[in-house]
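Each of the next two complexes has chain A plus one more chain, namely chain B in the first and chain C in the second.
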Partner chain A sequence: MDIKEGLSLKKHIILIIAVLISLFICISLGSVSIPIKETINIIWGLLLGKEPYGMYADILIHVRLPRVLSVMPVGAALSLAGAAMQGIIRNPLADGSTLGTSSGAALGAVIALSLGVWLPSFPVAGTVVFAIVFSFISLIIVLSLSYAVDKLLSNNTIILMGVIFSMFTSSFISLIMAFSGERLRSITFWTMGSLAGSNFNNVLLLLITLIIAGSALMLNARELNAFSLGEDEAMHIGVDVKKTKLIILVSVSFLIGVSVSVGGSIGFVGLIVPHTCRLLFGGNHFKLLPSCVYVGAIFLLFMDLIARTLVSPVELPIGVVTSFIGAISFVIIYYRRRKHAGT
Partner chain B sequence: MRKRTLLLVLLLAMLCIGANAEEIKLTDFEGREVTLSKPAERIIVLMPGDCEILYALGAGDKLIGRGEYCNYPEEVLSVEAVKSGAEMNLEQVIELKPDLIIATKMAHTKESIEALDKAGIPSLVIDAQNIEGVYKAINLIGAACGKNEEAAKLIDDMKAGFKEVVDKVDGRSYGTVYFEVSPLQYGLWASGGGSFMDEIGNMLGLENVFASEGAWTQVSEEQVIAKNPDVIVTNAMYFGDGPTPIEEIMSRKGWENIKAIENGDVYNADTDSITRPGPRLIDAINDFYNFLYEEEAADKAA
Partner chain C sequence: MLELKNISIQYGSKYAVKDVSIKLYSGDWLVLLGANGAGKSSIINALARAVKYTGEIKLEGKKIEQYSPREYAKRVGVLSQLHEKDPSLSVTEVVSLGRYSHSKRLFSGLSKIDTQKVQQAIAVTGLTEYAERPMHTLSGGERQRAYLAQVFAQDTEVLLLDEPVNSLDMKYTLSLLDAIDIWRKEKQGIVISALHDLSLAACFGSRALILLKGEQLYEGDIKEALYNPKIDTAYDLPVVKTMQDIYSFWDTNK
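Entry: the complex of A and B
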């Protein structure tokens, strides 16, 4: 792998600092106002290995910290998945939510919830596995159906298939909810998407997934770059198209599956962040993928902050916030593209 | 001849008065005036609280249809269940040939009540938001089925029951309380001012930490930790798998230093008796009283 093609060290440092600053801001704010001085003291104490105590410490360390630490990898994962999907399908509108992959993952998780699949120390294990599997199946179904209808996999076809698939899974989810009886509450709450009650197990799971799947994607950065020319062209350059596609789709399924089972359906992240990163850093996947990780984390940090403070103490489902901002950005992006493309 | 006609007229007059004497004029909680020609004999009750009131009045045999959530006393389960609220199936209701429907604000829509009126079935809307409202509901239901005496007795018993507890509390103040109506895994909701739990809490010398909020309000973990209540009450139901509601609350990360958790003052109230506007509020307040003042005193003495 040619390291020179990636982000420069300077850019890495700037982005890391940006992430840390965002992290600090999002930890300091919440439905209970904590004086900045206290926040700094507590964080400082934590870094020094002491165990800060007191009400503010309880809130910061046990409620806010696990939450923001979960939010960051989810943002990074969804953005990475979106960037990779856009690269491999060569469609700027491809991401977990538009292709129905998140809905599929959600369906998997709901099935797991309604069957009551859980382990005592790791309650989400059942939902995670189901979500990943269903995520993969959804991707395959949507892509195969689109290919069968339209070999060129144009925008319209893919998005249409994705939307129809999402509707299909939604009605399935409603069906399951109608028959789930006692479990209805947990399913209903889960479908709204929320990172409240996050714990450090979730963070660990997310980080491991991010590292493994993220590395798989980055190792295929060259292949993703080649794909932008077209599959045949990529093959002629020497890319093993089938193997690359499989690795990327599996990695994407893992990223989306785990993110959805931890945080519920959060749409549009995989669209806004990669496009923003392309504007800032260019479309070269060596630069695009790492930047998606940083920017994705920052983006979702602030989305979550809005979700939990805008109408405090009521918590908006984070999917609502991202959809709102995402839909508006989506329209702007699409409008700009159509204008430039002149179609 | 004149005497006879006079007697006849008197008799007729008495008959008329006698006939009208059975007529019952009622005004329900929405101000609707309902007239029943005689005490109701075939009643459909949509909400569990009103069901319990009906049985407590000894009129349970008049029940021919019940809302799906009515489950107390046990006999009510053998009565046919009807859907209420927006899902109300009018045909199902009319088919049962009731002569009275007892609904609450939540259990009916304007359209369904109008449709019932047109079908000639009178309905009473009950909306008891506090204990006084429950007494009014008892009177209304009692009048509707000709059980006025029983209603008055039930109200007296309840008033005496509450007074007994308040006297036992004797002006003591236990501290602050946080009523949790929806646990963390489903999104945290608390009961604020104006709910039955709040009223009962006040009678027991407890101050609701969310008193300034409405009866059902969403809250965040941070706020509960910041409010640091002395007592936590949850009315979550336990289905047998996983930790009990109390265990779950006690194990929440970041909550360990809340006074209620440190002292073990976490109480699992029976949701049916403490949230329904019915006679079991007396059971609820007594159970809660025992938890606070009897068991705790025993624990501390031990």
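Entry: the complex of A and C
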């Protein structure tokens, strides 16, 4: 008998089909509903290299498609980042939002926006770079402060530090906003999270980040499994602990930094999705990481759909929707953990 | 051969271990003896490369710092006290991690040899029927056996035991130590253990190192060590008499 660790081919196929079905549903629905048949015709035409025309085609190709195509990698990236962070610090409540990484990235983006840092041919470059660097710095600050207080890095300490750090960065963001004058509108955007107005450049940037950082994490899936035994135990079986941590923290910073710079802070995705995947597919990172990519994409597609349609024609920021659902899930996970482990 | 030369370990200004030297050969089972805080765990941690020390530790003539993490893990395995938290992995997945240092695969899956070693380790520790069970559904004794299976799968020459039978009941304690003893004899491996129970130390150990506040009081054969007056100093009570008193119940009720 062979020992297999990854997702079976059957599960991959089922999940890919689920992603495609969700994609179709989400590009058809919105303030203007496009019939499924029409959607299929337009997409088919697009795939055959034709230029479909008409109102439906315009909405679909120029508004909805770039949007859902950025929503999917953002969902995947945030979920992957959450799963990896939870693995490395052995804490199921770790996530970009609970560790202050997302707000750190947002602070970076806001600073870049208010200073007007950008490159001529690539307007988002300034915010992207700032967001990545700031998310990395935030991770290091929160983790080292937590470690200084509590060597065991228990739930309570890390989350408390994360919350305090988030408040600290939020106050900075408010301060910058107070002085930003006419840039206020675009900055407000970052603090709430929205993927309206995404373009194909963003899609490309997100996909490249997802592929590179995602591969780096997948190549460390075995190390992440080892970390789930404990850091010392990982070292005892031969894991280069420092190197692994660095690779994972840098990958996570890239994933969160790029997601935040494109979509603003979208909270709790990295908490809900990995938790669900762990229940569905188990805690082995060879299964957890790929399933997070699929489920994260599907999850955020529907969150975005809710944001677009719930009180249409007014659009809710997607971060508001995920935070609403995420906060409730957080309480449930925390409660269940305390009941089980007492930590 | 494993050689410790003038090992000292300091936490802040306080010495946890001071100037300990010992040479160990294939097939030795060294028991570290001493009261709480005598430095037993610190020595194990130094050998596991988990704490800084001064002095020199050589494995097969090479300083242990010179091994890469993987190369060292191929030679030295560690079994610690049972953790409170457990990974959401199955027994097979935990045992498979023991092959980490041997595996060259980038992505998932194990080679034929790795698979064989994992299944062997699971069989030897009597876990075959639990192989696919998630760790958190097992009892403490079964989980600790899974961690032992992981160390066996790691296929090392040296095994470090840091109070591995704490919190285990008598049956699991004996079956765990028996399995380790069989491994030691077959593989001619070196075992270094911190064990609280002196009777167990006498049963399984071959050599002893008595420690008092980090200093080496005695080093030599285990049976001699247990009757040496220095052990009374180390534990601050008459050891032989105390043990005979405690266990006298069993003699008189034959």
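Throughout what follows, the second predicted complex is superposed on the first by the 336 of 343 C-alpha atoms of A that agree within 3 Å, B and C clash if a C-alpha of one lies under 4 Å from a C-alpha of the other, contacts with A are read in each partner's own complex, and residues count from 1 in each chain.
Rule of thumb we're sticking to: contacts are C-beta pairs under 8 Å (C-beta built on N, C-alpha and C of every residue); 3 or more make two chains touch, one makes a residue touch a chain.
What you are looking at is a predicted structure, and each value in this text was computed from that prediction instead of being measured.
Applying the stated contact rule after C-alpha superposition, one finds that A:G238 touches chain C and leaves chain B untouched. Once the two complexes are overlaid on the shared chain, A:M218 sits against chain C while remaining clear of chain B. In the superposition on chain A, A:I61 makes contact with chain B only, not with chain C. Judged by the touch definition given at the top, the superposed model places A:P313 against chain B, while chain C stays out of reach. Contacts of A:K50 after superposition: neither chain B nor chain C is touched. In the superposed model, A:R336 lies in contact with neither chain B nor chain C.
In the superposed model, A:R278 makes contact with chain C only, not with chain B.
The contact sets of chain A with chain B and with chain C never meet. Interface of chain A with chain B (complex): residues 30-32, 53-55, 58-59, 61-64, 66, 116, 182, 185-186, 189, 192, 194, 196-197, 199, 308, 312-315.
Residue ranges of chain C in contact with chain A, taken from their complex: 48-50, 68-74, 77-78, 80, 83-85, 87-90, 92-94, 96-98, 100-101, 103, 106-110, 114-115, 118-119, 134, 150, 154. Listed in rising order, the residues of chain A touching chain C in the complex are 1-6, 90, 218-219, 221-222, 225-226, 228-230, 232-233, 235-241, 278, 282-284, 286, 341, 343. Interface residues of chain B, counted against chain A in their complex, comprise 184-188, 217-223, 225-226, 228, 239, 241, 253-257.
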